[in-house]
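Note that chain A is present in both complexes that follow, paired respectively with chain B and with chain C.
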Partner chain A sequence: MNRLLSTRRLTDIASHAYIWLLLLLFVMPFAALVNYSLTGPRGEFALQNFAYVFGSFTENLGWSFRISLLTLLINLAISLPAAYGLVRYNYPGKHLLFAFLSLPLYVPAAVLGIALVLTFNFTYRLTTSEWGLVLAMVVGSFPLMLTPTVVALKDLPIVFEEAAQCLGASKWQTYWRVVFPLIGPGIGAGMLLCFIIVFNEYLVTLFVKPTFITTAPVRVFNLVRTAGLLPTTAALAVVMQVISFLAVLLFFRIYGTRYLKGTYLL
Partner chain B sequence: MLLLVLPAIAIVVLFLYYPLLFIVQMSLTEGSSYLSPAGPIYTLQNYAEMVSRYLPNVLVTIELAALAAIVDLIFGFPFAYILVRKVRYRNLVRSFMVFPMFGALYIAFGMRFLLLPGGWVYNLLKSFGIQNPQLYGLPSVVFAMALFAFPFMVLNIGTALSNIDPTLEEAAACLGAHPLQTLQRVLLPLSRAGIVAGLMLVFGWSVGAFAEPLLLGSINEQRSLAWTLYQRGVVQTDYGLSTTMGIVLLILAFAVTYVALRQSKGVLGE
Partner chain C sequence: MSSVRLDGITKRYGHTLAVEDISLNIAEREFVTLLGPSGCGKTTLLRIIAGLIEPTAGRIYFDQQDVTYLSPRARNIGFVFQQPALFPHLSVADNVGFGLSVKGVRKDVIAKRVEDMLALVGLSGYGKRMPAQLSGGQQQRVALARVLATDPRVLLFDEPLSALDRNLRETLKYSILDLQRKTGKTAIYVTHDQTEAFAISDRIVVMNAGRIEQIGTQMDIYLHPATPFVAEFIGANNSLSGVVTSVQEGEVTVDADGLRIHCRPHSAFREGDAVLGYIRPENIALLNDKDDHDVHHIGYINVFDGVLDRVIFEGATAQVRVNVNGRELRVDVSGAQRLTLSRRGGRVRIGFNDVTLIPKPA
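Showing the complex of A and B:
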């Protein structure tokens, strides 16, 4: 056995091959969708399916963006103070409170869907309003915003705030000029995760959406269920995934990957 | 100050905990009698029916989720180990690993194209000489579910593994341990917490699978609870039965509350 093929080298090659094989599997379903969405009626290469996406599917994409944006704003408004209250003050039961707040992430979407649609119907009278859908998205996704914000705030030493106040900054000035900019990447990571999840959410939406709203993922689901496998549906799914992926790449470009630590990604 | 956390508490109480209590109450009423002007009829019949008629649905749900968790463990442990110890291009791996996060719907949809006659997997199997393979069924569903939850398994095991000092493995090797012995006596015991958390998390996430059994399964897998719940509740408006299924699903998924508690410790620190 020569040095090039020593056992150590062989295991190294096998290890990297294993990683790449699994990464290939990860993108396989996506690649299949891309391939099919670029196929014309006679099996030739065609771009016409994407014309559909920006034709008859524009309304669905619009709804998806609108719902995601509203959800993001509400998430920000409730997660920032909550993170501050969880990190900067000490009181008994803090861990339990955090678990209590992040439990929505672990409730199956179908259960959340049926529970919300029934209470919207009988208690809150929200079935015919856009806000019902937005609030359903908020409860399912704000823990994704909370966690990275908490992590970022915990890593920010309290001396920055104390120094600002010693120099005469008011409470609000301290938040706007010191705290928020310094935990910016954490907030950004939370916004990214929320956007990806809400933008692509179809199951809770299917239960609670008013009849006049059809978001893009629900449209994909309905078309797959009723119209079978169409290349135009594949094109819509590809567009959704590409938009989500661009959001991820943009975040990686600006902040790097380390701020997503402790959330979904290693 | 609790006042700052109050809006968040209000959201989860109003839109998670109250609705969950509401469906507990609803699951004790008969059919859609909650709506009738005579008032709801309270009964335990729905739970009896879960056992007498829908036990196969519960079992297939558990089976699919458990298989997905085991598949993820088998493939995820080596993946996490290599990623933590050998890989330098971790950012690249991370960007690939976001694809499953976009949703099980696209995974299931994409896999349907792969399994279709003329699809890549179909053609591959055909080139091996397998004629008319039955591709829609348990293996495809489990594969799609495992793919969806894979990053969570890798995250949990990877965190546990990166806390193990690499010199421990070297020490084991110096003392003459075979790599398999090192795995069994050093790595597995030290990463046990991560493995358990990963298994529970993947199981808890997978019991609610909806698109995968529906789009990739045969009739047997399509009996899984989430889809049956949707049909009974939204299509047939049998609120009593569908909320009972919701409760059963919730109980199955709450294996992961333990994980939630553990992670809250990790995030908030001391």
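Showing the complex of A and C:
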């Protein structure tokens, strides 16, 4: 009994230690960044760097939000019907089509950027507009939205749609009142992924952005390249990190409580 | 409250015929059960009636209206699935009100109707709960309330009780029947469970391999099975295969591998006909040894000597296996006789009158 207890205790300690080690590994770089962002010109503790974030950086953050939200909306409008078509209907070449749609996930950002510049220049002449940038973000990120939506829809028993139909709901009512709410966690996961990726994307943005737009990550990149790593730049980076983190928290707050607990699985 | 008429319904999946040339008339307010083994096409047929599946051929009529190519939505049916399939993100009240809500009915009208329906299924006061907070039986009752709320023309049930435990099944099947009687709806009910079918149906449609074997009341299909499949699928039966050797004054004698069996069939047979004979276990009597050998004295036209192989005491009855000339017959014994069986054993004598004769399929 005693020996059993002690081995259990040992594994307990080991597993705790492991978790703390992981936390340390992941949190340390971020902690270092925060620490640096709070350092004044003479190495003292200072909050003044963050004044820049709400001063000269607000425009960059604003662009990032704007581009991210527009991208999200377009992704949503594309992914929901696409996912429904992919899961609920059968036709030849379905799997090939899905693989093809997921292609941007496996293509390096630089390759995607070059490809987009070529396409936009020769086909749409979109490089000089905000919509060109949004379109580029959509191309790169919409598989992130599509995949979780497809998975959620595959997991959703079709009987709910049939029940709604038999009760007199139109197709449209079935989507809005039954299907979309029930695949909410999937859609939410996709939106979260998209937001974080698009909000932090700089490489593709560098390729296709018009000159009047500078998003937050591009600003960070430019500043680091021209002036080295300044505490003010670190402050902007910290704010971007916090925004991404808040997005994750929000997701769990909304879906963790209402949906993930009592799933629709019968 | 519509009558339902099926005319030559066929559904083909590639090379498999799920449902083959089914014609059926169901009267207004009638409770009809589709009964058959798993895979015989019951669900397919029911979903075709609902409009969830389009038939390969044939027509469906509600009253005089041809609904063959109408969507489920336009047919105004109530479909109860095997799982309750309540919308998990909506409260019980919103589930019950769903059908009216999508039709744009006013909120206060819906609320009143929801209350009435929940009262009807015995769940008053449960409206605010979420489906996950109800037991399986309660969920299925909410599902019933949900379809009844839309006042459908026909109620369709696809094994609605098979996911529930036995006690619940017992009570819920009568609840379903009561609701159908109260609301006067036409009901089509699918099950593979014959006790369920016998308990609630006005008529039973026995299906096998995509086709209808027999349509009739409980008594029709139990006492007068029309096909070998029905005779073997419904209840327990002893089956013998033989040839008609003589026909005299309505009495037919069959030779079944040496056993000479006398029957009084309802239909006509001729000498030389190949037949299948079925004898219900409860229609065979175990006779006392001292019973007279004169068959007319004891009232059995068929009497055989055999050896008692096995006795299984099942409570209300005892199941006895008797070996007659190398052929095992099942005999169900009830009453006081079942209590003295285990001490007997050895040689026994059996007697029976009722034999169902069916022409042997080619």
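Observations on the structure shown:
Quick note on the criterion: the second predicted complex is superposed on the first by the 236 of 266 C-alpha atoms of A that agree within 3 Å, B and C clash if a C-alpha of one lies under 4 Å from a C-alpha of the other, contacts with A are read in each partner's own complex, and residues count from 1 in each chain.
Everything that follows uses one rule, which is that contacts are C-beta pairs under 8 Å (C-beta built on N, C-alpha and C of every residue); 3 or more make two chains touch, one makes a residue touch a chain.
The structure displayed is predicted, hence computed values, not measured ones.
Chain A has more of its residues touched by B than by the other of chain B and chain C. Contacts of A:Gly168 after superposition on the shared chain: chain C is touched, whereas chain B is not. By the touch criterion defined above, A:Ala99 lies against chain B but remains apart from chain C after alignment on the C-alpha atoms of chain A.
In the three-chain superposition model, chain A touches both chain B and chain C at residues 262, 264, 266. Chain A makes touch with chain C in their complex at residues 157, 159-160, 162-170, 173, 177-178, 181-182, 184, 258-259, 262-264, 266. In the complex of the two chains, the chain C residues touching chain A come out as 50, 52, 71-73, 76-79, 81, 83-85, 87-89, 98-99, 102-103, 130, 132, 146-147, 150. Chain A contributes residues 12, 15-16, 18-19, 22-23, 25-33, 35-36, 77-79, 81-82, 84-87, 89, 91, 94-119, 122-123, 135-136, 138-139, 142, 146-147, 150-151, 154, 196-197, 200-203, 206-207, 217, 220-221, 224-225, 229, 233-234, 237, 240-241, 244-245, 248-249, 252, 256-257, 260, 262, 264-266 to its touches with chain B in the complex.
Those residues of chain B that touch chain A in the complex are listed here as 1-5, 7-9, 11-12, 15-16, 18-20, 22-23, 26, 34, 75, 78-80, 82-83, 86-87, 90-91, 93-103, 105-114, 116, 119-120, 144, 147, 150-152, 154-155, 158-159, 204-205, 207-208, 210-211, 214-215, 225-226, 229-230, 233-234, 239, 242-243, 246, 249-250, 253-254, 256-257, 259-261, 263-269.
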